[in-house]
Amino acid sequence: MNKNIYELLGLVVALSFILALKGLSAPKTARRGNLIGAAGATLATVVVFFAPLGEGKSHHNTILILAAIAIGVLVGVPAARKIQMTQMPQLVALFNGVGGGAAALVATAEYLNLGTGASTAEVVATVFTVIVGCTSFSGSVITFLKLQELMTTRPVVFPGGRFVIAATLAGVLGTGGWTISSGANTPLLVMGGLALLFGVLFVLPVGGADVPIVISLLNAFTGLTVAASGYVLQSTLLIVAGTLVGASGTILTRKMAEAMGRSLFGTLFGAFTAKPQVATGEQEARSVKSGSPDDVAILLNYAQRVVIVPGFGLAVAQAQHTVRELADMLAAKGIDVAYGIHPVAGRMPGHMNVLLAEANVPYEQLVEMDEVNPTFPQTDVVLVVGANDVVNPAAKTTPGCPIYGMPILDVSEAGNVIFLKRSMRPGFAGIENELLYDAKTTLLFGDAKDSLTKVVNALKAL
Amino acid sequence: MNKNIYELLGLVVALSFILALKGLSAPKTARRGNLIGAAGATLATVVVFFAPLGEGKSHHNTILILAAIAIGVLVGVPAARKIQMTQMPQLVALFNGVGGGAAALVATAEYLNLGTGASTAEVVATVFTVIVGCTSFSGSVITFLKLQELMTTRPVVFPGGRFVIAATLAGVLGTGGWTISSGANTPLLVMGGLALLFGVLFVLPVGGADVPIVISLLNAFTGLTVAASGYVLQSTLLIVAGTLVGASGTILTRKMAEAMGRSLFGTLFGAFTAKPQVATGEQEARSVKSGSPDDVAILLNYAQRVVIVPGFGLAVAQAQHTVRELADMLAAKGIDVAYGIHPVAGRMPGHMNVLLAEANVPYEQLVEMDEVNPTFPQTDVVLVVGANDVVNPAAKTTPGCPIYGMPILDVSEAGNVIFLKRSMRPGFAGIENELLYDAKTTLLFGDAKDSLTKVVNALKAL
Amino acid sequence: MTSMAILTIFALSIFVGFEVVSKVSTTLHTPLMSGANAIHGIILVGAIMVADSATNTLETTLAILAVLLATINMVGGFVVTDRMLEMFKGKPKAAKANKDAEASK
Amino acid sequence: MTSMAILTIFALSIFVGFEVVSKVSTTLHTPLMSGANAIHGIILVGAIMVADSATNTLETTLAILAVLLATINMVGGFVVTDRMLEMFKGKPKAAKANKDAEASK
């Protein structure tokens, strides 16, 4: 392929990515934006096979490459298709991680290929890519494990942890400097290993609530590694695309942190400042008030205003349709019903809106946190369906706990609070919820969908 | 100066222009944005004197250049300082025109300098710059003359005009092609002359209301010529800065046209589509109802709601303080007083808001067009102070007139309309205002400030 | 390409990246992150370039592994983003219904 | 600089220019136009470069005239924009007063 045409197509792809990001930031154009990006990426992948080569060079490994792509598609597409909505965040984290890993591998392979022919600037770019790519890879794996609840979602902090982290970081930078000055292979390898370790240590102390922020941050960093690889490979497309993702990812991370009321700085440097956690709650068996579906039905029947607070458990139990049935019954009895939506309820921003929209819940019944909070004092019953952290008063009362500072739904101001959950286990952030022991709280144990069905039947029988 | 540093400083200046434009688009940061841009431009001007030159080249004409800059400052700064607010738009037009002229001159000089050494792409860029620069120059001069009212503000259309324009354009393009194919000097000169003529012909048919849109458009075009010069001179700074202005200017032009309810297409191709104007109004002496200051004072005194519509004449008469005095007196009598602000009242967008804010009119009394229009049926008296086009019903009733389609303030819905103006002369767009002859209209002739003072005195005497 | 050109392109891309997402609404945070994530899967192009010129087994292995990972990132990323946005499509309708309801009040 | 680099820079600058002003409010149309107008006065740099390398009288004359015009454009543009914005500064205060007034209602 003619070199000019090849480069021009690269520019077209780069512009398609700009349009993709632009499209993705407005609801109307989001889906189209994503498709534009996918089209651009496809074009780029096809075109690169016809890249003009220098004098006397030829294409290698074409069959192997095509096979790897085929396997990648066979792995990636079904994973993306079959995953349940509740597990999407961890999948995004994983995709991000493999991207970072790919960038680190590309940089390493090119480093070996260039050998002593690499300029200092190229070695610096390689070192950057390998460090950040490896960190992003291992860090993303840890966020995946946390979100998939294959490991604890609580901040993991061990005594002296911050010194270990600082030492690892120093090791990474030291070997990085060594690589740059020597141009040898061994230091690069050691550096990569240390960077993988650093990624793990960096994400371990991050509490559950901050996980999406960290994913977004690692995503931005991976973008920068792609830009750095583009510099080494002299590809304008990679430079532009990587920088775009780096810049937009940075902004997005800041916006997410703002939306969740978290400090970005605190999240980033949590690893260095986190202290071994104070045990919250005394773990003694305290008494709670648990009720039967009939008790709940009666409470609801004589209420004038009911607010339903859906959470992650509702998504897990797929109870959105049953919740709607209950709400419709109450509304038919003339009871004022609303859904109180916390911005980080569920496992991704906007999760609850989506699930409830799927169940055809009328949009005007969905009330955002800031609007619903002032109405709790006039609310008779709050029905908390599979939510926990988003109503946990510890966010206000317990400095140092992982969700401290996050705005919550003030359900304790209402007359009665009913929790539908399966056990006394804490929520995602792993902290006790004092509200469960409160005098005005009634617990109805069991899977949210089952419990709701029973309540509906009890209401019918009244 | 080291070449890398030189180029780096150029990039810094380019980025400062981005920040400047970004700052200028938000009220809080606008002034700082402008200062950032000025600082960047100053830096660039200083640095270019230390530009690294090719082997065996030396700096020429430094004294002459410095002298020219000094004269430019001595002309530009006082003009910008001393100009009255009412005349600012034409000054901006003029500044834009000289910029376009400068770009055309730069391109011509470089063309002569390169001689036969110029590549085709460079000649094409030169031709583009000279054509657009010359068009922008002469076009801006015509808008200046129109706004300064040194010539008629009505669309100037002569029979067969569109053919003359099309022929001129064809001539411009023809000589352009000739220049590119021959690389000679004469065709460039002829082309420049024809482009100057084209600029004049292009702007003549534009009606008064569309003048700000045309200024904005020429401004965007001048930006593009700067980018093209940057290509010829191999200056990244000029390319970036020029393109920025070209792109943002295009968006701005579209937004301005939208805000004024004008079709951009109609404005642009007005030259080709405009027909010789239908004489509006029969010019026969029709009777109008004129009143004394006492009549006006009585009307106002017994009103319950008064809307004041300020226009360009208020700015000319500097009557904003007197108008405020009157409004305060009426308010003290318990009369409901508001100012109805049309978006293009005055001679630049936002003109009235500024003038009234200067007179400390409380912000809540300023009501935008869309909000004030529904209130006219409940309004007893509308006091039109030096406004005309913005209340002219011809915008709704007379297709083909220069302001047709512009949204207006529907003052005819109110009980009484009082016009304060000096004569029966029409407003900026040069069209008769039927409302002046309406039965519910009273005219109080004289300078707006004098008339208002008299009305205030009459009110006191009541 | 000169390093000055690269620097300029880099700086301009940063601005574009900043500006283009600066108006995103909270509900779109997740899809936007996921879409951006898919875009950096374009490292696939880099992986193919490296694999294409790899001459020994080590380089080839690393590069082919990179192709595999990058493909997963890119393809999976775009598909999962599309799935998320598919679920969102119900909302604007609901919002409209809401408006209509208000209008008819 | 390669023509590819120039094209890329050009395309990115267009996006930046579009995005950066896409949120401008109506009241700022005039100052923004005037500020953008001042920015293209940077052609002064081009004029100086040409004058600097001009060798015969014709070129010198044209270039020096260009320097003069460009200076007027640039300096005058920034000064007049500043003057406009100076007048605007009263407004936010007024708006604030308005808000306070409303709050105290």
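Which chain is which? They are A, B, C and D, in the order written, and residues in each are numbered from 1.
In this text, contacts are C-beta pairs under 8 Å (C-beta built on N, C-alpha and C of every residue); 3 or more make two chains touch, one makes a residue touch a chain.
Quick caveat, the model's predicted, so the values are computed rather than measured.
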Considering only mean CA positions as chain centres, point out the chain farthest from chain C.
B
Could you tell me which pair, A-D or A-C, is linked by more C-beta pairs in contact?
A-C
Using mean C-alpha positions as chain centres, tell me how far chain B is from chain D in Å, no decimals.
15
In whole angstrom, the CA-centroid distance of chain A from chain D equals 42
Approximate Å spacing (C-alpha centroids) for the pair chain C, chain D
34
Residues touching two or more other chains, restricted to chain B: which are they?
18, 236, 240
Using the touch definition from the top, which residues of chain D touch two or more other chains?
1, 4-6, 8-9, 12-13, 15-16, 20, 23
Any two chains that touch count here, so list every such pair.
A-C, A-D, B-C, B-D, C-D
Where on chain D is chain B touching in the complex?
1, 3, 6, 9-10, 13-18, 20-56, 58-60, 62-92, 94-95, 97-98, 101
Which chain C residues qualify as touching chain D in the complex?
1-2, 4-6, 8-9, 12-13, 15-16, 19-20, 23
Which of the residues in chain B end up touching chain C in this complex?
4, 7-8, 11, 14-15, 18, 236, 240
Chain D residues touching chain A in their complex are 4-5, 7-8, 11-12, 15
Complex contacts: residues of chain B adjacent to chain D:
13, 17-18, 20-22, 24-28, 30-31, 33-35, 37-38, 41, 44-45, 48-49, 51, 53, 57, 59-62, 64-65, 68-69, 71-73, 75-77, 79-81, 83, 85, 88-89, 91-92, 95-96, 98-99, 101-103, 105-106, 108-110, 112-113, 121, 212, 215-216, 219-220, 222-223, 225-227, 229-231, 233-252, 255-256, 259, 343, 348-351, 353-354, 357-358, 362-364
